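Working notes for the structure below.
A, B, C and D are the chain letters, set down in written order, and residue numbers restart from 1 in every chain.
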Amino acid sequence: MSKVYFPTVNKIAYEGPQSTNPFAFKYYNPEEIVLGKPMKEHLRFSMAYWHTFTYMGNDPFGGASITREWDGGDPMTQAKERVHAAFEFMEKMGMEYFCFHDVDIAPRGATLEESNRNLDEIVDEIEAEMKRTGIKCLWGTTNAFGDAKFVHGASTSCNATVFAYTAAQIKKAMEVTKRLGGENYVFWGGREGYETLLNTDVNRELDHFAAMLKMAADYADKIGFTGQLMIEPKPKEPTRHQYDFDAQSVIGFLRKYGLEKRFVLNIEANHATLAQHSFQHELHMSRINGLLGSIDANMGDPILGWDTDQFPTNLYDATLCMYEVLQQGGIAPGGLNFDAKVRRASTDAEDLFLGHIAGMDTFARGLKVAAKMLEDKVFIKNIDERYASYNTELGATIENGTADFESLEQYALKNGVTKSPSGRQEMLESILNQYILEA
Amino acid sequence: MSKVYFPTVNKIAYEGPQSTNPFAFKYYNPEEIVLGKPMKEHLRFSMAYWHTFTYMGNDPFGGASITREWDGGDPMTQAKERVHAAFEFMEKMGMEYFCFHDVDIAPRGATLEESNRNLDEIVDEIEAEMKRTGIKCLWGTTNAFGDAKFVHGASTSCNATVFAYTAAQIKKAMEVTKRLGGENYVFWGGREGYETLLNTDVNRELDHFAAMLKMAADYADKIGFTGQLMIEPKPKEPTRHQYDFDAQSVIGFLRKYGLEKRFVLNIEANHATLAQHSFQHELHMSRINGLLGSIDANMGDPILGWDTDQFPTNLYDATLCMYEVLQQGGIAPGGLNFDAKVRRASTDAEDLFLGHIAGMDTFARGLKVAAKMLEDKVFIKNIDERYASYNTELGATIENGTADFESLEQYALKNGVTKSPSGRQEMLESILNQYILEA
Amino acid sequence: MSKVYFPTVNKIAYEGPQSTNPFAFKYYNPEEIVLGKPMKEHLRFSMAYWHTFTYMGNDPFGGASITREWDGGDPMTQAKERVHAAFEFMEKMGMEYFCFHDVDIAPRGATLEESNRNLDEIVDEIEAEMKRTGIKCLWGTTNAFGDAKFVHGASTSCNATVFAYTAAQIKKAMEVTKRLGGENYVFWGGREGYETLLNTDVNRELDHFAAMLKMAADYADKIGFTGQLMIEPKPKEPTRHQYDFDAQSVIGFLRKYGLEKRFVLNIEANHATLAQHSFQHELHMSRINGLLGSIDANMGDPILGWDTDQFPTNLYDATLCMYEVLQQGGIAPGGLNFDAKVRRASTDAEDLFLGHIAGMDTFARGLKVAAKMLEDKVFIKNIDERYASYNTELGATIENGTADFESLEQYALKNGVTKSPSGRQEMLESILNQYILEA
Amino acid sequence: MSKVYFPTVNKIAYEGPQSTNPFAFKYYNPEEIVLGKPMKEHLRFSMAYWHTFTYMGNDPFGGASITREWDGGDPMTQAKERVHAAFEFMEKMGMEYFCFHDVDIAPRGATLEESNRNLDEIVDEIEAEMKRTGIKCLWGTTNAFGDAKFVHGASTSCNATVFAYTAAQIKKAMEVTKRLGGENYVFWGGREGYETLLNTDVNRELDHFAAMLKMAADYADKIGFTGQLMIEPKPKEPTRHQYDFDAQSVIGFLRKYGLEKRFVLNIEANHATLAQHSFQHELHMSRINGLLGSIDANMGDPILGWDTDQFPTNLYDATLCMYEVLQQGGIAPGGLNFDAKVRRASTDAEDLFLGHIAGMDTFARGLKVAAKMLEDKVFIKNIDERYASYNTELGATIENGTADFESLEQYALKNGVTKSPSGRQEMLESILNQYILEA
């Protein structure tokens, strides 16, 4: 009989908006049909192994504030306990996906071989649990930023032996992700950037970065890994200035190196905040370039300058996120990964449940609001009307490339400028509130 | 006998670092040879017509705080007075270039025809003054952001008639720039962005923006305007979110629309600050992509969130800017345009001189420091050594594309990782100080 | 028969949450009883004369984008038209208060006498309209920041004659406010700060500032003006660094100069954002010091670094604001002044209505949510429990001042530390969402 | 014969500005007389025990990147090794002061008694080294933020037993500081603030905070500790919102609770940056309130939103800091504590020396520049002239309290406003550059 890690919490059920039971969903009703398919298929929620199972409350000014049932024991035993606790947790939450870095699931060994052996041993446990529960892997990735060897970067280290090591580590993580049926593989370049231009050859580093991605795509093809390959932008932290600054920077980089057919983007809310964009902006820029692959659903704090990775409880952000998702016809094969950790002061195991409930309810509500907004086409109609002048003869010549400066000058001299419609921002924001409250 | 607008100020002379005369250069010695050519040819200083001759101290909370000798009179008379004052000013400053928007030099008319007639009349005056003085035009541009018609954008307005009007206005400004021998033409998209995604079709707007740039390039070719065409990034203000966010965004945009052979970038220091980059970062990213065209030399305030356009007096920024310029072999046909205005409280005409002296002295010092840094190769040597591992057999396979995940894994399993050299940031910053103080 | 300025808009009625009529309230139902009194008495909405009746869409990069029915004509005629339009607007909106600066209502004259005469003439019109409609004055203030003479500050100018002029201007504005029955008088120190410490005697300026406030309080007493005197904090803009940085700075300043019995604070949401605080933080710090006097209800944009003064449509901010207000037993004699302007692109007169509807509905909903939160005491109970240890014998010695280091060391050596309860932030944020959606 | 921890580095000597020896001072010449006393007495440089001897390169995304000669061994042995290494380091650097937290020097024990015993044992070692070398203690402090028990705060924890424990810990640290002859004792409230107002009783927490400070002052008196007691402001991090936000907040807090006679401020450069102030601003506000006690000399990065604690190499900040220090007649009994750590990528022991050399040279230059600025009175004279109108009869009535609104209105009606002098900011910044370069 296996150990129970969360004895005080039962499977979380949907109880509806009037429930005062903290351990129940108020809005997330997984089988409820929205726009023709169950909520859970729209949302594809995923647990982030690192935050939920390895974060102990450490921050730059303090050590662990949290203890867990699986603490203690030798690293491999603890890693196995974590697997069982994680699947118990996901089952109780009703989450069907998880995401992981190699080092989250298995302890780094003294050598690459040992690390790889550790991985293989733990992956056996995970596979068994996946089989038992039906829970799936949304994506895997490599932690090529935490260890001392990555101090100057991984793909962009000044040290070629670190580049080689990184390649080997990604190779293994990609193999493991394939074995676990992972639907995506993510690259987050935590140390791919610079601290000071006084000691950095940016051009050479970017070439190396692109070389690594090219090799990764080639290797995915070689082993038949058919999941999406994704880059996750972040402007800074830990590095002072990261190369994958934001969606537009990454898209430009992909185009420069001819990688835009092979990689898409994994957009994180908190990284958008750090780049002075809204979450919706990053999703939107990715989507209209056909490059929105998956989402890290969390929340930052606009008055703080670092990655707080909070559970997403902002109804506006969740609504506008799901509005982008619905407009591109869904997020699959990506999903909504809770790259979120409980606050350092949320010290109980129960807070892991409460945090995920908070996030899942928020996005469930956001989904329903967005679906209603899309069905009613209230914003879409308004936009179509605003640009109506581009459906005229003049507009057509601009859009079909037959206009030139002379033809347009002729037009302007003859016709001048017509009055533009009001932008109506206040009314639109008011309508958005009404949808959030009444959907 | 023509009117004298700055009777209390004589031609500004170089008096050296010990001078306490506020109306003298302490570091800018135009004919002094640095790295084989006169300072002035390295620096190519340009006066910004708008800040120096039309800024009256207005800000969002207050009206004009400044009066000028050329105030009053009807708009065309005032515009002509400004021309004469501007050339007197540039002569006294020893500045050989100027930059302008169409509406800086001639009043906007009630119609496009009248605006164009006004422009022609004033351009006659300017041409005469250019001939008399030998002063040249660095670049021209269109103000397609100030007038009410641009409330939703110019190229990216939802109103096609505004697009047409913008095209006509750019056409004229480009003709005028050509007539004045302008060496560049700049596009700053002040209103090309969005206020809220609730009412915006970003994709369509970006297509329109690219269409306008394509037409502009075609028209330049048609009329034989051979100057550089430049885009100037800015992340926000006046628009909440501008499409030309920063250098990397613009470079990505140019690549997406196949415009990267025809446009380069005009980098402004204060816009870098607003985008959370250093000035050097924006210059560097442009340079290593072969797209650094010209520079708006000013300074922002890192604790303020808007474009303060201060005269650049930061020795670090000026040094690192000139270091980028020297590394690309000079900034011509671009230059250093002082897109800077005197503080609202610097209310005397004399402050125009004092502000430009401050900026020119700072960049002159920066040039000499950068030249010494480049000659001594102290930073370059350090960088070369850091990346030495890429000159080994392993590094070569990575850089020449013959490595793959299997070969690199083999290497890593066999050799592990060698120790990386220290980044030495503290030492490098200390050396930079020493160069600034002792160059 | 008087002119109608907003012919297309009728009196705005409450139609409830399902209404799709943009010109109706969905949540603001003025006579609805909440916690024992009508909504309108809780909310005390006020129109800001400057934004609604003098803002023409100007911004730092562009001129007017808006035209109004009362444009044109000589300044005094236009000022009178504005009075009639303003009262028509407030009647149609059902707003019972307004706020004004002296220069909003009457044009500044060439001399102080003329300015004062203009004021008297317009105040006659306003008084008549107030009598006719029953609309009241929430507060008056002086614009001592816009004119060129205030370039170095008003009370804190280096120029003593500007100090004298400011005193005279405040004197008149205070008399006018008294005549109009204003319930408060506000001091916002738009230019009271510094641009650079290189030219500023901060200590002397702060002494002057305090001297002005002292004289103002004395004069209020003398003329029997019994309204609240209020200081409105703002960290920056237009000044680089303002003395009234935030609530805590102002409270400290008041205590230093012995003014804390005579002045309270007027807290603006957008100013909180600029100071890196939440709106609730500024309200809370004022409230717990007994110094929360009134509220400027608007909204900033966390990704922009300037005062955007948007209509407040954020449900979280409105809810938490009203939660603070209810906890102090109401905001009277202060109110909720919409220090908010329509976006520059909201170019129709109708947008004035739509903007105010958006703000009023948001705060009405916020009031109801906050009232329910307070009635249920859900957050209050949780807080009481968190601090329960302070109700023990140990806690009592700390709070009543009988503990000292020795007694506490004794306790710690003997008893150590008990486990602290979890902070439960995720659960609390989830509950807040539920209240917002279901209240 | 004792172990040598830094065998490759000899005592750092002054070699002057032309030296290219990285292990030499270029500007810091300790015995050189500036304004009548040796440089070292002006600067009172102090080593921060935590950064230099316990920082291993950890950051939120990575573990240790650095190894040290004293690594390994049991915690007490390692602590003793650190003492010897620290004094070798300070001797070689020629630093005469150090600062410490209790937990930097001795490992935290399982109980308070054990922690205290560990402290006593290590303090014996330190005392011996102090005696041997003549090096002194600038200040001591308590780390009441790192351990799990402080998760909700120390003095402001919701848990009274944590308050008691904190008191006991401060008591011991204060006793140790007294024993070591520490000239100051510092309170930095790392966890004294809130994460969310939804679970916080701010008013009660502030009362507790004040109670703790009161007890600390009483205990200092009791044991005859005559050093300065200091509060160190910081706006955020680790806490979302800290009570000691900035100098003005802290000064207001001290006044509220009647503590302003007993506490002064320890100003840190990087904390100023995080609060959107300049370093000089925080120094200046403290100084003009008579409350500038000591300085944490480091540097933040204006584009990053967290405490980077870099070695201070900015010549502007160092100059303006020393200008404030000289204007208050020196910083003693405070000093300049390098609350700075080498970059995570500065992985060699030698970088500890290079970092401190960078900082000491920068401040040495800053001192000489500031001394020259003060001697020449160039900025002071300009300021005196700007405020000259306050030396007139009108000005005197304002400053001596005899003016009132009526007298000032009389003046304004009769005399109007005289022209204010230009602020001359550009000229002043240019002069500052000249001083930095030529002093």
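Going forward, contacts are C-beta pairs under 8 Å (C-beta built on N, C-alpha and C of every residue); 3 or more make two chains touch, one makes a residue touch a chain.
Treat the numbers as computed from the prediction; the structure is a model and nothing was measured.
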| item | value |
| --- | --- |
| Which listed pair, A-B, B-D or B-C, duplicates the contacts of C-D in over half of its pairs | A-B |
| A-C or A-B - the one linked by more C-beta pairs in contact | A-B |
| Gap in Å, rounded to a whole number, between the CA centres of chain C and chain A | 39 |
| Chain A and chain B: spacing of chain centres that average the CA atoms, whole Å | 36 |
| Set of chain C residues in contact with two or more other chains | 151-152, 195, 236, 241, 276-278, 303, 343, 345, 347, 420, 423-425, 429, 432 |
| Residues of chain D defined as touching chain B within the complex | 17-18, 22, 26, 276-278, 302-303, 311, 313-316, 342-343, 345-348, 350-351, 354-355, 357-358, 361-362, 365, 420, 422-427, 429-430, 432-434, 436-438 |
| Complex interface listing, chain D residues touching chain C | 111-113, 149, 151-152, 157-165, 167-168, 170-172, 195-204, 206-208, 211, 214-216, 218-219, 235-236, 241, 245-246, 248-249, 251-253, 255-256, 275-278, 280-281, 284-285, 288-289, 320, 379, 382-383, 386-387, 389-390, 392, 394-395, 398-399, 401, 403-406, 408-409, 411-413, 415-418, 420-421, 423-425, 428-429, 432 |
| Of all residues in chain A, those that touch chain D in their complex | 57, 59-66, 145-148, 150-152, 190-191, 195, 236-238, 240-241, 274, 301, 303-307, 343-345, 347 |
